[in-house]
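Chain nomenclature is as follows: A, B and C, assigned in order of appearance, with residue numbering initiated at 1 for each chain independently.
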Amino acid sequence: MLPDINVYKILEIIGTIAFASSGAMVAVKRRLDYLGIVVLGVTTAVGGGMCRDILIGQTPPGMFLDPTNTIIAFWTVNCMFLTIRMKWSQLLHLQGETYDNIMNFLDAVGLGLFTATGVNMAISAGFGNNGFLCAFLGVITGVGGGILRDILSGQTPVVLRKHIYACASIAGAVSYLLFMQAADHNLSMFLSSSIVVMIRLLARKYDWNLPGAQ
Amino acid sequence: MLPDINVYKILEIIGTIAFASSGAMVAVKRRLDYLGIVVLGVTTAVGGGMCRDILIGQTPPGMFLDPTNTIIAFWTVNCMFLTIRMKWSQLLHLQGETYDNIMNFLDAVGLGLFTATGVNMAISAGFGNNGFLCAFLGVITGVGGGILRDILSGQTPVVLRKHIYACASIAGAVSYLLFMQAADHNLSMFLSSSIVVMIRLLARKYDWNLPGAQ
Amino acid sequence: MLPDINVYKILEIIGTIAFASSGAMVAVKRRLDYLGIVVLGVTTAVGGGMCRDILIGQTPPGMFLDPTNTIIAFWTVNCMFLTIRMKWSQLLHLQGETYDNIMNFLDAVGLGLFTATGVNMAISAGFGNNGFLCAFLGVITGVGGGILRDILSGQTPVVLRKHIYACASIAGAVSYLLFMQAADHNLSMFLSSSIVVMIRLLARKYDWNLPGAQ
């Protein structure tokens, strides 16, 4: 038996939490204030979906019409803020490599589900016969938030530099489109997200990187 | 008696001038050429409204359909350019702290009025029942230009770092929405803008900053 | 005799190739990986048109509906990648100043044609009576890709800093609008593009720069 759609809702929430945390961590490292941390965290979590919605002309973007994810991201960032400020993470021994591994796994789950959700929304919006557009919208949903986070915090987007991050998203988007030819929505989402998670975990474990030109 | 709506038009022009000047000053400090100064100045003044219009799907953005503010920003930047190039500011003794204080006050007025205008436009566009969206559109109208200015000039947006700038805008947007429950447009705009100006002046005077996480 | 419209199609392809190459070169210099090179190259080539389409509400942007230019940009970047990786450019003696001169010329052609195309699309979309909007959309089509490239790679956009690049585009857009009063589309495109190319070549040869404020 495949998981029910509500399981995906829960997984998407997990992805939102992971993305919001990663944005908040970048803001903390750049010594931004409370509001900067909130903005970067929330942007990382919902920015990809916002880019997708603007590109297909669904305005105002979904993050305003159904702000569930926006609210989840907001509270996630606040918990992160408190945790770091109160130094609770030391009490929980959630530090260094353990913490990195947990975050990396959640982030991979988020990337996979956001990518599949993005492709799915593009199909729902009636662009199903334009595979290139659907795949692109899936990828931008997955990586757009991270790109906005990096632009706002003044660094070259990580997705352009490291660890086949966008590549995993591209693989997920394309495989979702392929699976949809033969399987239903649930199965496609499960399989394509699994592919993304697997690529990301392997890329981290074996330190895969794309070649540069020199 | 509350001021007539034409007073707000004048105040909005003052805000536009202040925003355009701040953009031009950043460009001058980064040693950009004449065109860079014009682009940064105009973007700072009208960029927030452009972001708002794209988010609610009012395309082309108002800055093109009614370019009054765009033109005012353009001539402001040209005056700044001439003033600095001709060193007239030294003749007028408009330097250092006096200049900073004047600019900070004008900028606060602009922030307050732009924020309230943004909320007002969101209500006019029919999003009055979505308070979160209205408040966000108000804030993006107020701070969006400054964020674009900082992204274009390659620095982490100041609003994420300093002096409760975005906070003042958020307070203004939320209070505008609250005042609108009980009062008319003019009174709400007056009160909410005053709140923004007051917060900004106090924040500067007493060097208020939001806490960071560490 | 003026060239047929198909000649312009070919020239636009040349412009796309030049823009994609310039984006790829920036990515190579910043040591981005293969995907970063592809993203920067393609963004530089089609990003200006994407900005224009979002601003006038033509969503999804043309780069997805008719991906010819996107595909050309993609293959251009791949050829660049191979050429640099295999060090073929040394075999062809396409290095240093010769290479720079060729790229600069192609880039000028691209800038001229993209600018005129942008103005033309704005007129087709029904904004012909708003000269300011048409000119702006032409300029953003011409320089928008380069601005996105520079924001993504974390530097102050070159167009704000150097060699009357945006100025040439502005001159092209305005002259296209003027020529359209008296001549047909083909002649206007030919003349305005020639003006852009001429300004760019002269600016490079005589090292023209706009004055700064100091």
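List of remarks:
By our rule, contacts are C-beta pairs under 8 Å (C-beta built on N, C-alpha and C of every residue); 3 or more make two chains touch, one makes a residue touch a chain.
Since the model is a prediction, treat every value here as computed from it, not as a measurement.
Rotation relating chain B to chain C, from a C-alpha superposition: 120°, rounded in steps of 5. Two copies of one chain, chain A and chain C, form a contact in which under half of the residue numbers belong to both partners. Here the spacing of chain A and chain C, counted between their Cα centres, is 32 Å.
For chain C, residues that reach two or more other chains under the stated contact definition are 54, 57, 151, 154.
Taken together, the chain C residues at the contact with chain A in this complex read 27-28, 30-37, 39-40, 54, 57, 59-61, 64-65, 67, 70, 80-81, 84-85, 151-154.
Per the touch definition, chain B reaches chain A in the complex via residues 54-57, 127, 130, 132-133, 136, 147, 151, 154-157, 159-162, 164, 166-167, 209-214.
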